[in-house]
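As written, the chains take the letters A, B, C, D, E and F, and residue 1 is the first residue of each chain.
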Amino acid sequence: MSSPTSAPPRILIEPLVRAALLEDLGQAGDITTNALVPREAHAEAAFIARKPGIVAGLDLAKLSFELLDPAIEIDVKKPDGSEIRSGDTIAIVRGPAQGILTGERTALNFLCHLSGVATATAAAVAAVKGSKARIVCTRKTTPGLRALEKYAVRIGGGSNHRFGLDDAVLIKDNHIAIAGNVTEALRRARKGVGHMVKIEVEVDSLAQLKEALAFGVDAVLLDNMDPKSLAEAVAIVGGRAITEASGGVTLANAAAIAASGVDLISIGRLTHSAPALDIGLDFRE
Amino acid sequence: MSSPTSAPPRILIEPLVRAALLEDLGQAGDITTNALVPREAHAEAAFIARKPGIVAGLDLAKLSFELLDPAIEIDVKKPDGSEIRSGDTIAIVRGPAQGILTGERTALNFLCHLSGVATATAAAVAAVKGSKARIVCTRKTTPGLRALEKYAVRIGGGSNHRFGLDDAVLIKDNHIAIAGNVTEALRRARKGVGHMVKIEVEVDSLAQLKEALAFGVDAVLLDNMDPKSLAEAVAIVGGRAITEASGGVTLANAAAIAASGVDLISIGRLTHSAPALDIGLDFRE
Amino acid sequence: MSSPTSAPPRILIEPLVRAALLEDLGQAGDITTNALVPREAHAEAAFIARKPGIVAGLDLAKLSFELLDPAIEIDVKKPDGSEIRSGDTIAIVRGPAQGILTGERTALNFLCHLSGVATATAAAVAAVKGSKARIVCTRKTTPGLRALEKYAVRIGGGSNHRFGLDDAVLIKDNHIAIAGNVTEALRRARKGVGHMVKIEVEVDSLAQLKEALAFGVDAVLLDNMDPKSLAEAVAIVGGRAITEASGGVTLANAAAIAASGVDLISIGRLTHSAPALDIGLDFRE
Amino acid sequence: MSSPTSAPPRILIEPLVRAALLEDLGQAGDITTNALVPREAHAEAAFIARKPGIVAGLDLAKLSFELLDPAIEIDVKKPDGSEIRSGDTIAIVRGPAQGILTGERTALNFLCHLSGVATATAAAVAAVKGSKARIVCTRKTTPGLRALEKYAVRIGGGSNHRFGLDDAVLIKDNHIAIAGNVTEALRRARKGVGHMVKIEVEVDSLAQLKEALAFGVDAVLLDNMDPKSLAEAVAIVGGRAITEASGGVTLANAAAIAASGVDLISIGRLTHSAPALDIGLDFRE
Amino acid sequence: MSSPTSAPPRILIEPLVRAALLEDLGQAGDITTNALVPREAHAEAAFIARKPGIVAGLDLAKLSFELLDPAIEIDVKKPDGSEIRSGDTIAIVRGPAQGILTGERTALNFLCHLSGVATATAAAVAAVKGSKARIVCTRKTTPGLRALEKYAVRIGGGSNHRFGLDDAVLIKDNHIAIAGNVTEALRRARKGVGHMVKIEVEVDSLAQLKEALAFGVDAVLLDNMDPKSLAEAVAIVGGRAITEASGGVTLANAAAIAASGVDLISIGRLTHSAPALDIGLDFRE
Amino acid sequence: MSSPTSAPPRILIEPLVRAALLEDLGQAGDITTNALVPREAHAEAAFIARKPGIVAGLDLAKLSFELLDPAIEIDVKKPDGSEIRSGDTIAIVRGPAQGILTGERTALNFLCHLSGVATATAAAVAAVKGSKARIVCTRKTTPGLRALEKYAVRIGGGSNHRFGLDDAVLIKDNHIAIAGNVTEALRRARKGVGHMVKIEVEVDSLAQLKEALAFGVDAVLLDNMDPKSLAEAVAIVGGRAITEASGGVTLANAAAIAASGVDLISIGRLTHSAPALDIGLDFRE
């Protein structure tokens, strides 16, 4: 079986975890734990869900401990992607107490944030269930954490839009204004980028949509259209391009938007405003 | 006049902005803008609030453009800390169009996130207005962005708790469990850290509170107590230590908690779950 | 006019130039120049072509001097993309002699290497002139310099294939072997990647080609086929996918391959084996 | 037995391999392999020479896989320095298929480039066989890869000239022009550098050569002289300094140059223009 | 038992050791050892004290070898904090001879420097033995090595003052001059910093001291006062603040200063001028 | 006039100053200055010598301020290399008060340390005045600061020995033990390193010395010999190699050692144990 939600490899995440730990340790380190906890003390603690949701980010939690002390082990009970209920044990951490106490907050900061993104995504996916629409994220991500948040979206059942400015063309209204019109913008794009690069154009009106389709385009971003306009746009496209609804999507209106027949619904809120999932690390006697 | 909300200096924020830009540019850069926008094109665009809130992060937005093209200038209309209404112009950006289009998303990602933190903080501060309680943040921050989020909290009218594990002692329940009891934990802390380091202890009961006060402590964290217990605790403390209420604080119960007479109310949600403030960059003809 | 051959921005190239200078300076710096050349001495020198070719990399040459001494100025006579003959003056450098002498080799190492790539590309482009085939590079690049070499290929009139493993799917024979067959490989790819990602599959036979076309694919890599087989493959494709010839392409056989009607001809040699273009820095009295 | 061709230690090469992998992975990683190849799939593949030459760079190839997945093992059949024929198996790679497929290109980019440098060096060494001349490389290296290319030259049987501007004095024509004459240049050098630093001076004429010898110098670079002038210069030197021929050396004229009796022949082409050696990674069923 | 002198964690020290090794290796590495010592040679060597003192820095010495060759092992006989006499064996190093020879100087540079700091601290602590005064260090540290030197001070029996500008307020004379007077300075400090931050003020006179006490302050730095003035100041403070004597402290006058009853004596010399402790690495046959 | 004591270029020192500032600022920055000093306040302060010595490190002091605030200017009165008396004004700093107060300690830490090294070197140079002996430093430097300390030695009138393991061969007793004898060690060295690399061998006896001279060597390190033995060794060498006295050199015995006729006297203490020169930054009203 394939692995479309492959976690980012260690070579990508280790620098992020390292930076987060150093940010928390400062020059003096964990002065509380160093003063109170004997080096030889061992501890066992469990990541416990305090709210229901979807787990994401265990690799980062694990690395938060491992970089402090390789002797700390994590026994994962609910791997990334698991649907958890309040009270569920996600993983158990065992090893030297100093490292566990020092790494706790960094581990939780990654785990709660990414699980929050996965949970928000799963809610959006559930809202459009039964339609053909896929939920996708945007480049509205937290600076420095894009690859992680994109991964959490996949874990939540969503798909990824562009990872960066470099991996596909997305022509926005301002680009069109500078180029003059949709056709000229598309012409320049087709000429200026490689053959493996897809091109999407943002259209604000059905006129622009038709102009784009006449030139040929891989995808169209239908900006801030109501469900009725979206349905009309989908009909005009007639399968000639991928259709993406964008702007002002909420859990409340997602089903109506999906019913328009669009292929994709992009939601910036998944990555820039998802509340952290409440997970705690409970120590055991 | 003093400047308690001094922005983090450039030497601290430049690496963060640089990393965010590189994350978005990838190896190939902004292929859309490069293909569509002539190098000599100039543009003017305005950061416009789409929702009311408090502005924070303009230095980062500015640097997002400046690192791409030093010729881009920002004219700030509503500096960090300003209360803005929907539709307000926060700042105007002028210069080479390529750099403005390429830097737009990075600038907005910083600005919307930090303004979101400031706005959430201001709401909490407003909720306890009239009481003596100060709103403080925690170490539950986004990995890599702690200094920025702590700054945004100050911009929103809140105060900062510890920046890291290194700058004060906070003895939590797990530390106490390992040390044996509150007194022994405090004894180890006092012995193990420098004279400029304050010590706070988390107490779950009035018995623990009295034990801590008997030994002497700078601050007590009153964990998950209801307003009545908090008031009782404040009375017991009688000014001998700073009192901090923590756990489960919401905009709804903040006033009641503040009425207990505690000095501080700490809220993790300010930094880990504040939704981004909706700000757009509108280009002008 | 658009700028499809935009140079990589300074934020991308500065770390490379900085690393190259530090590699050459070591801890002790340019001990020859420091011992021999007075700090106040000024110099003027010219980059002179000793062989014909295409210029690429002047931004890097410029930065090699500027990072050593901002007082050094470059007056460019033949900007990137210029066709130069032996003896042509490419640029003139003026300023403090110490910085010019110290930066000379680093500047030349970038300039000669990238001009070599551009020159090799231009020769390949010339070889297929009159056909519809575009010359593209591969991921067979010098470690650490990919973005620069991809840029030099564009400067030479070529196009870029994938910049990395992340920006498009290229299914190779080994992927197919693991997936089982072409159809299953394509099915997994379509399911596993985002909607803005194009998919190319390498085919070794016309049977595989037909299988790929039956499923639907954006591009097909026709691996090591002779011109006759290529022409047959192009006919089978019939415009339903981009066709790319790959493997064993030389200046001698490029025209024959192009005559097969393929859209693209990819050549690893452009980036991994292009000889440096011979350029010198001549000091003037 | 001593080890003059010691490979650069891991502490030096790991950052280069890490950067090369990140350059190829981007933010999204190897989307093809992630989508198509199950995490549990294992593979075995062999590095096969497609052309004859000298192997160099296996440590880098190995690290390219190991940094992605420590479970991948390399069984080396032809260690660095081996002379290989077309078809030879250089090494066998075994382990998780995902990591092998993802690391393949980075491993090959290092291996083919460095083997190319070693092979070009070996050809030059062979060309002067029977003479006393040693083949040496220059500072005309690929930015960022100097230590690796210097190593590959040693592997190919050559010797290294300066590693950087810091480890020996090389007085060139422009330094002499600024100092006034050869004697003054040498005087400044002797005074300005430490006692463990050798001094070489570039001379364009026999007059300059005699001036240098009169002052005393460790080595003389005989710039662009024909074999007859070189022989004359060698006779004048009479063993009082190391003699180095430089400029315009090819495989065709190397033997004639060597016959002049010079100690060293330096060739920039070894590092800046050696074509990659053609090596492939063949997967086994 | 608690561990107030916990060594800085590996995540903090590894970058320092790595940088120190790279500084010593340059591009070419240890050319002497590489040329002379067979790769398979093993060696055993002992760190021997040539002067009496206190050991500090063995983790760094260990890492200096381990990063070069994980096969090298250190058997510690006198752990950090041990009082050693001339001739004592501190630790024994065993493993591949190349790595031991290459890492020797870096290991010793860390070990001798930090042991020097610990030894100087222990001498100062001994000088005030019998008094209540604790010896503390300052921010007058070697750039880049602050966390290490602060640790060595603790190992020597001293305590740490601020680690940086961020972890406590220290109001100096220049701050007071800008604020206008001590009271205004303290008022701004109290208002501008978080509740977990202690405030110390430097006073030059008893008048300033009284002003500070009247406002309330955590600690007072009594700058350059003679023992008699210090005693007077201590009497005035009467336990209301921590008292710190600073300026011109030597081993000769430390006891007299301590007799004044101050809580702390800060000495910059411990970190900026402690001579290295003489330790050698002796190879055994 | 030439510039043998060229300061390390900005590209080398900027990372060191940046790291030192970040080490001092932590995440929260200069909380004292930020709370007390208005952003618009300007200040003027003077670096004043409190002890006599030699100035070194002004470029680093300058950069410590400039990286915090480019508006801060330094007016140098006594440039690096100046001999200063107690009370002399070294430089005047003017600009925004916040940046001056925040950068003060970092600037002084560099300046006092490097001036201390220069001052110690000058004392040693003075002690051997009248002899032909040059004072040289060793690789016994502070980790991370080698290039700076080597520069300070030159500023103090000394010369530099090796900068690292890469720029010359120094065969020590342990190398000889492994190679078997002096002759074999030298043979391996000559064979294993490039032609621009000098070779020095440490000898403990006159027998070893003769063996080294018989093979031929660039320099001999006469280890821990008394002046009489040194004179004997110098006579044996008879100008055939550079002679270096090493081990146990003090200001007291330096003249006697120099009188033996050795070329060089190396002193580790210059870099690993030189006390900081006492310099203060005095603010002016």
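We take it that a contact is a pair of C-beta atoms (placed from the backbone, for glycine too) under 8 Å apart; a residue touches a chain by one contact, two chains touch by 3 or more.
All figures in this text were calculated on a predicted structure; none of them were measured in a lab.
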### Summary
subunit B and subunit C share contacts with A, D, E, F
### Query
Which is the least count of steps on a path of touching chains running from subunit A to subunit D?
1
### Query
What is the chain whose Cα centre is as far as it gets from that of subunit F?
A
### Query
Looking at A-F and D-E, which one has the bigger number of contacting C-beta pairs?
D-E
### Task
Could you please state the distance in Å, as a whole number, between where the Cα atoms of subunit C are centred and where those of subunit F are centred?
44
#### Entry: Cα-centroid distance, subunit C relative to subunit D, in whole angstrom
22
### Message
On a C-alpha centroid basis, what's the spacing between subunit C and subunit E, in Å?
### Response
52
### Query
For subunit E, which residues are shared contacts with two or more other chains?
2-4, 23, 25-29, 34-38, 102, 146-147, 160, 163-164, 166-168, 170, 188, 191-193, 197
### Message
Please output the residues of subunit C touching subunit E within their complex, sorted ascending.
### Response
23, 26-27
### subunit F to subunit B touching residues, read off their complex
18, 21-22, 25-29, 34-39, 67-68, 98, 102
### Task
Provide the residue numbers of subunit C that touch subunit D in the complex, in ascending order.
16-17, 19-20, 23-38, 41, 43, 45, 97, 101-102, 105-106, 108-110, 112-113, 116, 139-147, 163-175, 177-179, 185, 188-189, 191-193, 197, 269, 272-273, 275-276, 283, 285
### Query
Can you list the subunit F residues touching subunit D in their complex?
2-4, 134, 136, 159-163, 166-168, 170, 188, 191-198, 200, 218-219, 242, 244, 263-264
### Query
Which residues of subunit F touch subunit C in their complex?
1-4, 6, 8-9, 11-12, 146-147, 150, 160, 163-164, 166-167
